[in-house]
Amino acid sequence: MREELRRLGELPAITSAILKTYTEQAGINHIGVVPLPSKAEAIRLLDLLFELLYPGYFGEQGLDESNVSYIVGHKVNELYDLLTEQIYRAIKHECRRLGSVCTHCKVRSEDVAVDFLRSLPALRELLAEGVQAAYDGDPAAKSTGEVIFSYPATVAITTYRLARQLLGLGVPLLPRILSEHAHSATGIDIHPGAEIGRRFFIDHGTGVVIGETTEIGDDCKLYQGVTLGAMSFPKDACGQLVRGQKRHPTLEDRVTVYAGATILGGDTVIGHDSVIGGNVWLTESVPPHSKVVIESPKLVYQNAQRMP
Amino acid sequence: MREELRRLGELPAITSAILKTYTEQAGINHIGVVPLPSKAEAIRLLDLLFELLYPGYFGEQGLDESNVSYIVGHKVNELYDLLTEQIYRAIKHECRRLGSVCTHCKVRSEDVAVDFLRSLPALRELLAEGVQAAYDGDPAAKSTGEVIFSYPATVAITTYRLARQLLGLGVPLLPRILSEHAHSATGIDIHPGAEIGRRFFIDHGTGVVIGETTEIGDDCKLYQGVTLGAMSFPKDACGQLVRGQKRHPTLEDRVTVYAGATILGGDTVIGHDSVIGGNVWLTESVPPHSKVVIESPKLVYQNAQRMP
Amino acid sequence: MREELRRLGELPAITSAILKTYTEQAGINHIGVVPLPSKAEAIRLLDLLFELLYPGYFGEQGLDESNVSYIVGHKVNELYDLLTEQIYRAIKHECRRLGSVCTHCKVRSEDVAVDFLRSLPALRELLAEGVQAAYDGDPAAKSTGEVIFSYPATVAITTYRLARQLLGLGVPLLPRILSEHAHSATGIDIHPGAEIGRRFFIDHGTGVVIGETTEIGDDCKLYQGVTLGAMSFPKDACGQLVRGQKRHPTLEDRVTVYAGATILGGDTVIGHDSVIGGNVWLTESVPPHSKVVIESPKLVYQNAQRMP
C-alpha cells in the first residue's frame, strides 16, 4: 500500500520535478542528438595508450615476439576508432557552442586522430628518457621497472604529454578530461597547456600544480606540493576574466624545486641551473645558477633545549 | 606432494587461525545477519546521482527529447531501491550499536529516501550556479562543459552537497562513505557536517581540508592546500574527546583563501569580503574587508643577486 | 575511399613505426615469455586481503556464522594462487634483471606466499588497535565502523603493513605497486621500507610523505601534508646515487606532527612524547617531551584592524 503509493505517486512526481529542471536549468545538462565526449571512453583511450607506450607493463600481458605485431596492430585500429569518435564529439560540441555549423568536423576528427597516433613513436623516446631520469634522481628507486609500475610521475607526465599533443592539434574538452583523470589518480595537476621539456621528473607529487601557461625547460625536477601558479587575474573592460594570457612562471633548464615551494606569476623566470628550496614563496625572477632558500622562521622550543 | 601439503595442511591451518581472530578480535569485523552498507553500492548510488544531476555529462549518453523522461523515471526508481536498502543498513547498524531495537528502521529508510530524492531539483539549481561561478573565476576554464567534465571541484562539492543532505536527514555512515570517495578522487576532504553557501568554488583543490563544524557563506573561493581546521580537542571529565562541538572556523560571504593557507579554531571568524593570502596561518578572527598576507620570510639568495 | 586508405595504409604504417621503437627503445617495454607482475592482479590481491582483514566491511557481504568458514577458506585458497603467481613473476623478473638464473624462483614464491598468509592473524590485531586509536584521536569520528569504512588512514596504513610484510620477505616490485595504489587512493605516500609502530594514525592525510628509511615508534599521529623526508642524496665515486642508506628521520614513541610540518634527514630524531607544530621545518633532532612550534611569520593586515 505504502509501497504502491511510492511507485505510483511520489516517485513519478519526483521524476517530473527533475525533468522540469532540465528545461529550466539547462546549463548543466546536455540532451540532444549528438552526445558529448564520454569520460569512460576517454579513460579507456588512456588505458589503450598506456598499453602501447609501455607494452608488457600496462594492460594486456604475455606479449612475445610471435604475437606482438598482431596485438599492436589490433590496438592501433581500436584506438583510431575510439579517438575519431571522441574527438568528433568534442569538436562538434565546441562548434555548436560557438554557433558554427560543422561542415568538416568528421573529416577533421579523422585527420587529427591519425596525426595524434603518428606522434606516438617519438613520444616513446621522450618517455624512456623520463623513466631513466626518475631512476637516476631517486635513491629509493630499485629499478626502472619500479618507476614504470609504481611512480605517480609516470602516470601524470605521460598523460600530460598525450593531453598536450591533443590540445596542440586543436581538440577541445578531451585534453582536460585526460589530465584531470591523471590528477585524480596522482594528486599531480598539470594543465595540458603547459610546455614541459625532456627528462622532467616529479617525486611523490601529491599537491603539485602546474598552471596553463607554465614553461619548463629540460632536466627539471619538482617535489610534492610545488605550485607553479598565477598571481592575479586581469579582467577586460566588461569585467570578464582575460583568458589565454601568460600567467604562470617559466623554469629554464636544470631547475630543481623542493617540496612545498610556490612560484607565481607570468613574468617570473627561474634561471637555468637554479635550486629553489622547500617552502620558498617566490614572485620574482632569479638569475641562472641561483640557490634560493627560506630563512627558516624561528622555531620555539618549549620544555626542552635543542640537543647538543 | 608439496602442493598437496599446502592445500590439505598449511592453507586450512591459516584459515583456522584467521577465523579464530574473528571471534577474539571482533572490533573490525561484522559477521551477522544484517549486512553493513556496501561501499560498492554507495559508489553506484553516487554515479546514478551524478547521472541525474548532470544528464548527458555523466553515465548514460544519447539522452534526447524522445527518451529522457523514460530514462530518468527508470533511474529514479533504481535510486530509490538502492537508497532505501543502503539507508536501512546504515540505520539498522547504528540502532544495534546504540543498543536500541529497530521498530521503525525500514519505514524510516523509505521516508528518508523519498525526502532525499525530493531535494534533487533544488540541488540542480545550486549546482548550476556553482559551475558558473567556477567558470567566471578561473581564466583557464574554456567552457562550463569543461568545468562539469573535468574540475575536481565539481565532484567534491556535488558529493559534499549530497552527503550533507543525507546527514541532515539523520543517516549514519553513508555520508562519510560518500564524502571520502570524493576525497579519494579529488584530494579535497570536505566533512559532510560543514555548512557551505552558494556559488562555492575550489580551484585545483588537492590537499584542501574543510572540517566538520566549518561554516562558509556565499560566493567563497578556496585554492589548493587550504585547511579550515581545529586547534585543540577538549576532553571530558573521563578523558574522552568531546564530540560535536564547534571546532572549525567560520567564513562569511565573499571570502577568498589562497593556496596553502591554514585557518584554525571554532571561534575564528573571517569577516565578509576578506582575502586571506597564500600560506597564511590564522587562528584569530579578522573583520570584514580584511586582506591578510604573510610577511614573506626572508629568502636567502646564494651565488646570485636578484635580477634588476 | 579515405577510410580504406586509413585502414590499409596509414594505420599499418603507424603500427610498424611503434613496433620499431619496441626494439630500438627497449627500456620501457617488456616483451618476452615470462610476463611481469600485473597491476590489475595486484589490486585484486589487495581487495581480497581487505576482505579477509575487515570481513563484512569490504568486499563480499552477508557473512554469518553458517558460511564464514567456507568463505574464508575459499578466499585463502584464491589468495594463495594469486600471491604465488604474482610473487613468482616479480622474483623471476628481478632474477633476470640481475643476470641470475632462476633455480628456486617457483618454490621460493610458494614459501613466501605461505609465510605472508601466516602473518595475517597477527596483523588483524595491529589493525584493530589502529582503528581504535583513530577513533580515540578524532572528535569527528562517530564510530569505529566509520573509521574502517571511510578513513583514508585505514586504506593507507593497512596497505603499508601488507606491503612492508612482502618487502620483508624479499619480494621485489609488488610492495611498491601496492603502496602506490594506496597513495593514489588516499594521497598518503608511505614507502614500504619505512618502519612504523603500533596504533599509528594519520588524520585527513592528503600530501603525507613517509620516506623509505623513516622509523616511527608506537602511538604516533600525523596530520595532512606532513613530510618525513630526505635532505640530500650522497653519490658514490662514480656519481651514482647511493641507495639504501638511512636518509629519513626517526620519530620515537608518542610523537604528534601537525599539518604541513616537514622533518628531514637521516640523523634527525624526534624524542618521545614530542609535539611538532603545523608548518614547522625541522632538520635537527629534538629531545623527548619537546614542543616545537613555528614563530608565526608576521601577518600584514590591510584595510582593517584586528578584531578586539
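When the chains are written out, they are named A, B and C in that same order, and each has its own residue count from 1.
Operating definition for what follows: a residue touches a chain if its C-beta (ideal position, glycine included) is under 8 Å from a C-beta of that chain, and two chains touch if they have at least 3 such contacts.
Keep in mind that this is a model prediction, so the values were computed, not measured.
Student: I want to confirm something about subunit B and subunit C. Since they are copies of the same sequence, is their interface symmetric in residue numbering (over half shared, so same) or not (under half, so different)?
Tutor: different
Student: Can you tell me the C-alpha superposition angle of subunit A onto subunit C, nearest 5°?
Tutor: A turn of 120 degrees brings the C-alpha atoms of subunit A onto subunit C.
Student: Report the inter-chain centroid distance for subunit B and subunit C in whole angstrom, where each centroid is the mean of the CA atoms.
Tutor: 23
Student: So which bits of subunit B are touching at least two other chains?
Tutor: As it turns out, subunit B has residues touching two or more other chains at 187, 206-207, 225, 260, 294, 296-297.
Student: Considering only the defined contacts, which subunit A positions touch subunit C in the complex?
Tutor: Going by the criterion above, the answer is residues 52-58, 61-65, 68-69, 72-73, 76-77, 80, 107, 110, 114, 117-118, 120-121, 124-125, 127-128, 131-132, 136-146, 148-152, 185-187, 204, 206-207, 224-225, 259-260, 278-279, 294, 296-307.
Student: Which residues, counting only subunit A, touch subunit B once they are in their complex?
Tutor: 2, 6-7, 10-12, 14-15, 17-22, 25, 27-33, 35-39, 93-94, 97, 172-173, 176-177, 179-180, 183-184, 187, 189, 191, 193, 206-207, 209, 211-212, 225, 227, 229-230, 233, 241-245, 247, 260, 262, 271, 274, 280-282, 284-297
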